[in-house]
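Just passing along the structure, written as structure tokens.
When the chains are written out, they are named A, B, C and D in that same order, and each has its own residue count from 1.
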């Protein structure tokens, strides 16, 4: 695991996406290239009454500007305060943290399973793969949300050239239903191919993706969430039970785990 | 003139009085990725038990106002794996190593300490007789004077390096327990461990910890810790390590003025993992500003009304 | 359907379970300038003693992380002036009046309560057997089971309205004290009073309070209070009034789930003096959202692991 | 005493004066005319880690805009955060609080003794007296500071037409020395007049003003400071000893006390 740095940095750019979703670009930061898809940062706003940092997946990096992007949804105390940040404001971040995704073989077909605020790391993974010369047509990006407003950065995703499969529960964008349904169809249809799963999203989605992986013997990785007091592996607060017994720390052994590795 | 941060406790010299508290710094490996451990006076390991423990189910922690509750359940690798897999890493890190030991029976404390007796990198042992998170009686030791004395005296028979007794704040009279620990042979007292607390999720109506209750730590408890350190300092003669809610050099100064010779930083590491670096730097600056040659000049110097 | 906020404690009906805590609302006059007192289930007066007390010299308070320390020193007008000058104001305010009584000897508690016996506006008396701020032994009563029982039994002989015993958190086993209070005849238990704490000014090296130590209150202590309420609820049968760090309706719900029938709001009044208005409103909204007909449906309903 | 209101309001205008001094105009607020010179507000910034409110003297009111002004100096935790407030930001205030100044008789000559952040209430008193038709020449405004940068709002003061006597310790503006020296000279010189003192400033200045009043039998009022947890009289934390024995609450019986009333 690489070293992590704890430092003040600035809001370079803030953008309201849709609904309660925001993008924040933070920098300047040293060694931005050490940030890999799956890594997260641990963020703190100064002088707030929220004592602990919050974890945010890195959504992309801008090496020329020594900056990184996170995408967040306003759901509680910290994110509400983050939504009032302005360009030039100071935040403190600890980065990069966690274990990153393992890239697929170029011969494999990747199934991205994204939901809600689980979208950012998979977008990073996808854009990273494009830079590494992967064929966009080997990536099927399934993106689920309750409604159209939950499906972020559509044009950005499309620009990568990957095969985009939006799914919404209310049918307001893309196919109607849960994202796992078309994925199972896809898996059945492409049984012969070497498939690989990458999932990040709400608990139910992760469970379903994990089950699909186990059921159809598709290797892959899941990125988990857990309340993280420390983010660096010292408090033992963020653990998840392992199928092999015992616990693993989501912040240190994860957040990226292999399909079948953890009890969801 | 650079102020002298060195402190000597029970014959052992520490580069500075800043230690990391048990359970808040693992076995040192993770923190070393954020700052060099030699910054620290000492690292205090997570509580080590005779057998490995996986700890309580999640949720194990909950955020509270300026603090947190935890009921990790003494998750640790067990003394054998600790000595084999974890201790070697600490050997060349140029910091003192204090191993925190927990148990549910006196014999367990004795057995663990006996194994640590022959490990050269171990400078001291801190007996956690005050952990509120084990049913088998972890806290009982620390809230009963006779049991405290007996536990420490028993360990003293097998462990010859300095022994620290870590005291619980959850008692009517901490001085009584401190005296018993001294009586039992503890060369050092450390205080406080976490304060018993609870929190309930108003949506699910379940406790926020699977253990139902847990230990409150962080800045919220600093005033409680200071009052306890003050009380013990005025009643006992052995050196004191102050613990509880420390986040900055100013907090360290408060504890030393109340009588602490050194301090441990716990929850603050979760908020700012490299905070010891800043504390050491700011402590030097403070001493310079006050024209003090040594950090030892602060000890017990509170000017009571 | 508007949820029912009424609660009955020891035969006395309260419009809602929100009370203001002793020492945080004076004798009601100042708060009434910010919001109508009839918003409250009850107002609990500052501790009343037999003779007037001017209290400790300043500084008497210090801010801490999510809390404060105070050592006011039971400053109050004394029982006679209270009855003559302060009580009449409360008579027509359409809220229940609970008079908090403190003393340094059992006889003092008895004398004060005897005078309150014949004051119709007084609905209940709360015995402060747990104030950590008087040298003469204020806290001793509350940390000794026998003394607790005796104090309450003595007061019962002269005071016939319901008696609340206010318990100290600064004890090893609050259940033991709670049982003694019940045994002595207390119809209600209120908890917690403040937690002993200290803070030092690192510039002057003096304590931040002239009393050297004081009582820690505010959101910082809420987890401690919840754990104590839970422990007492599971051991005693009399109704409990929960106190400690309450700032919002969600906090009230936590206390009630742990077994409190009503609650008192203290330090939060300093931050947001009209916070009871908001709490009453938000509590109603919560009950509606949860489809509960009465606030009483929350009592003790925590779903332990 | 009037009723007090606790409510959210907005930063209408923020201005950096000199050095670490700022002016904040807050509103809209109801019943702004209830605010009298000597009254203070109790202010809280949302979501901060500073738990207690801080007291600020009202520096002026703008009845047409239903707004009031405070002037503060950055010295600690709360004021540092206040210095980052921007127009449109929300703050919560409790107002008006305390006992206001008693106006002098029109036949009297007023001696204002201002220092540091004790200046705002005396500026309010002065401007208030102007509106009430007092002759500006009956007001001698002594204003002390360490250096020129501590003497605020000079042109505003001059505009009132009062007799302005700036004094700085380093002599960088006005007379050199402590403000109490020229005041004593003035008192000796105008012994025959009916004088009245109004003082607000650091402890030493208040002590000196109080002593001058006692020594030369000049009636007057002092506005005190004290740490104020509640600001409304319920915590008993802000007390000051009275010469007659016992204590008074600075927030409720004060902050304005008569010369000779309190032990300083």
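Assume contacts are C-beta pairs under 8 Å (C-beta built on N, C-alpha and C of every residue); 3 or more make two chains touch, one makes a residue touch a chain.
What you see is a predicted model; the values in this text were computed from it and never measured.
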Labels of chains that are neighbours to chain C and to chain D: none
CA centroid of chain A to CA centroid of chain B, Å: 37
Chain A-chain C separation of Cα centroids, rounded to whole Å: 48
Mean-CA-position distance for chain D and chain A (Å): 54
Touching two or more other chains - residue numbers and ranges from chain A: 49-50
Multi-chain contact sites of chain B, meaning residues that touch two or more partners: 65-67, 218-219
Pairwise touch network: line, ring, star, complete, or other: ring
Interchain pairs in contact, sorted by label: A-B, A-D, B-C, C-D
Chain D to chain A touching residues, read off their complex: 47-50, 81, 86
Chain C residues touching chain B - in the complex, by the definition given at the top: 64-67, 69, 143, 170-172, 195-200, 202, 204-207, 209-213, 216, 218-224, 226-227, 230, 245, 250, 253-254, 257-258, 286, 301-305
Touch list for chain B against partner chain A, complex: 23-26, 30-31, 33-34, 46, 54-55, 57-61, 63, 65-68, 70, 72, 75, 218-219, 269-274
Complex contacts: residues of chain A adjacent to chain B: 1-6, 44, 49-53, 92, 94, 226-227, 229-241, 246-247, 252
